[in-house]
Amino acid sequence: MQLGVIGLGRMGQIVVNRVLDAGHDVVAFDLSAEAVATAADAGAEPAESVEDLVERLGDGKRIWLMVPAGDAVDATLDELNPLVGEKDVVVDGGNSHFEESTRRAESVDAAYLDCGTSGGPAGAELGFSLMVGGPQWAYDEMTPVFDAVATGPNGHDRMGPAGSGHYVKMVHNGVEYALMQTYGEGFELLAEGRYDLDLEAVARTWNNGAVIRSWLLELCEEAFREEGTDLGDVADHVAGGSTGTWTVQEALEQEVPVPLIYQALSERFGSRAPESGRFSRRLANRLRYGFGRHEVAREE
Amino acid sequence: MQLGVIGLGRMGQIVVNRVLDAGHDVVAFDLSAEAVATAADAGAEPAESVEDLVERLGDGKRIWLMVPAGDAVDATLDELNPLVGEKDVVVDGGNSHFEESTRRAESVDAAYLDCGTSGGPAGAELGFSLMVGGPQWAYDEMTPVFDAVATGPNGHDRMGPAGSGHYVKMVHNGVEYALMQTYGEGFELLAEGRYDLDLEAVARTWNNGAVIRSWLLELCEEAFREEGTDLGDVADHVAGGSTGTWTVQEALEQEVPVPLIYQALSERFGSRAPESGRFSRRLANRLRYGFGRHEVAREE
Amino acid sequence: MQLGVIGLGRMGQIVVNRVLDAGHDVVAFDLSAEAVATAADAGAEPAESVEDLVERLGDGKRIWLMVPAGDAVDATLDELNPLVGEKDVVVDGGNSHFEESTRRAESVDAAYLDCGTSGGPAGAELGFSLMVGGPQWAYDEMTPVFDAVATGPNGHDRMGPAGSGHYVKMVHNGVEYALMQTYGEGFELLAEGRYDLDLEAVARTWNNGAVIRSWLLELCEEAFREEGTDLGDVADHVAGGSTGTWTVQEALEQEVPVPLIYQALSERFGSRAPESGRFSRRLANRLRYGFGRHEVAREE
Amino acid sequence: MQLGVIGLGRMGQIVVNRVLDAGHDVVAFDLSAEAVATAADAGAEPAESVEDLVERLGDGKRIWLMVPAGDAVDATLDELNPLVGEKDVVVDGGNSHFEESTRRAESVDAAYLDCGTSGGPAGAELGFSLMVGGPQWAYDEMTPVFDAVATGPNGHDRMGPAGSGHYVKMVHNGVEYALMQTYGEGFELLAEGRYDLDLEAVARTWNNGAVIRSWLLELCEEAFREEGTDLGDVADHVAGGSTGTWTVQEALEQEVPVPLIYQALSERFGSRAPESGRFSRRLANRLRYGFGRHEVAREE
């Protein structure tokens, strides 16, 4: 099987490598010539443009987009759309909003699959978890590629119609935020608590047989091993947040309570508060003076 | 009516003044001679010791304790108990834990009233809200004093048996924490939001007719007037927390969910995090590298 | 001064009455002839249509819309816009989303004031709190009307440019949700807790001098007086939620944490869960069997 | 090596079996003769009483208690203490509160190891995760037994001095509650959301390569497979909660914010609300009438 891959960043290169390793052919393009060269070194056929890539693919073109979510996807589709037809399949493997995917599925002439991809760069060897939305026939056609990119046949599935792949991935990420913050709360209590503990040892013991064992807990264990039990100079600053925000927005639309996911997102925002701190708490500080004449703590 | 007041700090002096203003007699004692002199200047009869104070009271002694919650109450009761009997009434007007009040009510020979007192020093002129627990007859006996210390007859009531006054006061304070933090969230959103607003004007407009008008909102208005719309150098550091902690502990015992009160308490703890920040968020920061190779923000 | 009022529901009639009581003239229109007749009985000049109303107003028309937020506002503006010019002022006193108000302010030829109105039908006698956004000159022109509709001069203010009035009102409502839920948590703990309490007496005592006194707490007192200390047959079902949802959505945009407001909104959603209950908790129930072989509670 | 096991419930039998399978000798006792017979069938030497069990052990007695946390542990220790000395080791493998374990460690003459055991009955084949507190020498002595009961050498570790094993286990359980509730929130949003999804397929796809894969997620997959994607008649009623309560109580003592863990615990309480529902929400329902004259939803 022959696959065109557009977008050869870290994740795109992993897709290329895993598909090549499975014995398929890959035509690869990226705006960066260097990235194309890397893919070519790995065995892919280099293309000089989107148009060139499409021409190098035979009938029934199979194209995987691994470009940053947002405008880059639309820009690529603008170029691609005149060159593809209803027998072709285009996969968006990035972190697009499901409503954008639904819109794109309607406007692209090829069959369009929105494919949520989880596992991160760390998943290069194991393979990814792929949540796919779109037409059944297109999903079936792409199965050999999905088998290669995912951990195997169980690592991918068709969730439902257009948008459902990115929808499930969005919720996955909301869950991810809250799992991370939950482990964080547990380790914070252990770090600040009554005993002088080796948190790497705690995480390792938990990862071997405890109810809460997980891949994220293995990453906690790795973090303590590499940074130390006090996490060294790792800052209280959590970046990111778009997919978690989408999850909460959708939960608001659906009127589904997600307080843990919200709280985890909220902690990220809190970690990025202005220099002066959280306004709400500054006001609470001052109000305690208002009614109780408690001394107001002030910045020096 | 004659009242003995033991404990002449800020709140104790207010009790003395309000009781004197209502035309009653006061005998006053404090470990600080200066505090006793202040009460005497206001018209109270000074006492030289707890024993002296008791002797100066006639039959049917009425004694108000306004000493710091905790050991000071027990120490005072140790002195007082041999000197009082079942016709006497002792009021604890401080912020004692309700279980301590229940215990004391059983061990003191006088009738014991636990009296939650809300309104703070700022309530000196208006009078306080008094939530009283203990025997009905003792509450009835003390009514003239409660009328004087409270805002009036509606500002005090017997909640129920021993401990119930401090119980209701404990819950009052838990509610107080969450109300403060709620106003804080609203003003934080306005301060960080889309418009350049005069928060004093917002608070004033709300205090005149809006659904959310309240005394705490009047204190917000005062805070913005005195500190500026950006709260100037008021720090993100909220002290205190014992009564809020008790409220959550009791809610755990009763299996009643109080997530807003818990969150408000939790924000106080968060405002007092170590220099390095919240461990939970530092771990989340590092985990994002673990699975996604996102750059780790580090302390400089 | 002469004011045209379009929309004569409960709130619109209150506006008519308060403006008439202040000695101004009112021209009133509503799609319901009955509502127009009610306003006429109160002393307003009845109009037969939006066009008729506009014709009855002299130069420098002053028009107050009190129609339901959403399409009704746009429909009214579609009719109104050809009939007004830059010297005229249109006020939207309803609960519109601030972004709609900003859009409308740009598309309407008259000066446009978005006016958040708080106080509810219960505020008919006291007057409302009015948060106004839009041009300063238009706000100044309308001041006599605002004085009449609000509690007085302190009950209204210009928050800032177009949209700011409804923005501040939106946040007001988010705060309102969390204040209500906070009082609810406190009374829930008292209701389920250790003492057999008269919650009306608790609320009354708090309303007289306690730190947490407020108008909402007066409404709690009223609720216990009218429904009983156990709230009788009042159901666990909280309707509404749109302005609270907007507040959380805006807080997500601004990356401001509002966990208490979110939680209060979330409780509303939770109170409207499907018959089978909250899915998240059903899954937790089942998972306890998964790892611990704890018996699964099942619907009968 | 020879081990005495007291308490032969589900977990105790698993300990017996795993220790026997590893080639060690076991003397077993339980108040239930039937349970002793089951252990004997598996190859253990039956004992008729605690005293008999102790006599059957040689010098340097090694005894594992697997009795219900609470009074049963103290009752067993009362019997055991006169029979053991400083060269003997007693392990408490149950879910005791860490402060009780600290107290017991001081009062028992033998070396005392508090051993948090995670993995549940489901861990019979894989082995458990064991978090051990107490003297180093005693932990070292017991290593062959821990190797057998745990998943292997990495499945157990000495956390620190007395109490630390049960302390870490307590926090483990708090984390467990929040992880369960987090997955629940995600699946609730998927169940109530825009697509008609097969939640078993979602869980399976996630378990193969996704960032959030975990053992609890495998149990979710199993739950959907066995109960159906709508969880059938599984009720919205989550039992249990003691270790989560302890975690929050300790976090209050340490002033560490754990809002996600608290929220998860709070959901359990909420799932067990009285027939009439959550009082806080009933009051909010009624307050909406108070200020806005919104209709009050009532029980039929």
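Chains: A, B, C and D, in written order; residue numbering restarts at 1 for each.
As a working rule, a contact is a pair of C-beta atoms (placed from the backbone, for glycine too) under 8 Å apart; a residue touches a chain by one contact, two chains touch by 3 or more.
All values derive from a computational prediction rather than experimental measurement.
Novice: Would you mind working out whether chain A and chain D touch using mostly the same residue numbers, over half shared, or mostly different ones?
Specialist: At the contact between chain A and chain D, which are copies of one sequence, the residues are largely the same (over half shared).
Novice: Which chain pair shares more contacting C-beta pairs: B-D, or A-B?
Specialist: Per the contact counts, A-B leads.
Novice: Let me spell it out: compute each chain's centre from its C-alpha atoms, then which one is farthest from chain C's centre?
Specialist: D
Novice: With chain centres taken as the means of their Cα atoms, state the distance from chain B to chain D in Å.
Specialist: It comes to 39 Å between the two C-alpha centres.
Novice: Using mean C-alpha positions as chain centres, tell me how far chain A is from chain D in Å, no decimals.
Specialist: That pair's centroid distance is 33 Å.
Novice: Could you grab the centroid distance between chain A and chain B? Build each centroid from C-alpha atoms only and quote it in angstrom.
Specialist: 48
Novice: At which residue positions does chain D touch at least two other chains?
Specialist: 119-120, 181, 183, 185, 188, 192, 211, 215-216, 256-259, 263-264, 267, 270, 278, 291
Novice: Note which residues of chain D are touching chain B in the complex, please.
Specialist: On the chain D side, the touching residues are 211, 241, 245, 248-249, 252, 255-259, 262-263, 265-267, 269-270, 272, 278, 291.
Novice: For chain B, which residues are in contact with chain C within the complex?
Specialist: 98, 118-120, 123, 126-131, 133, 150-152, 154-157, 159-161, 163-164, 167-168, 171-172, 174-176, 178-179, 181-183, 185-186, 188-190, 192-197, 201-202, 204-217, 247, 250-251, 254, 256-261, 263-264
Novice: What residues on chain C touch chain D, complex-wise?
Specialist: Going by the criterion above, the answer is residues 10, 119-123, 177, 180-181, 183-185, 187-188, 191-192, 215-216, 219-220, 222-223, 227, 230-231, 233-240, 259, 264, 267-268, 270-271, 273-274, 276-288, 290-299.
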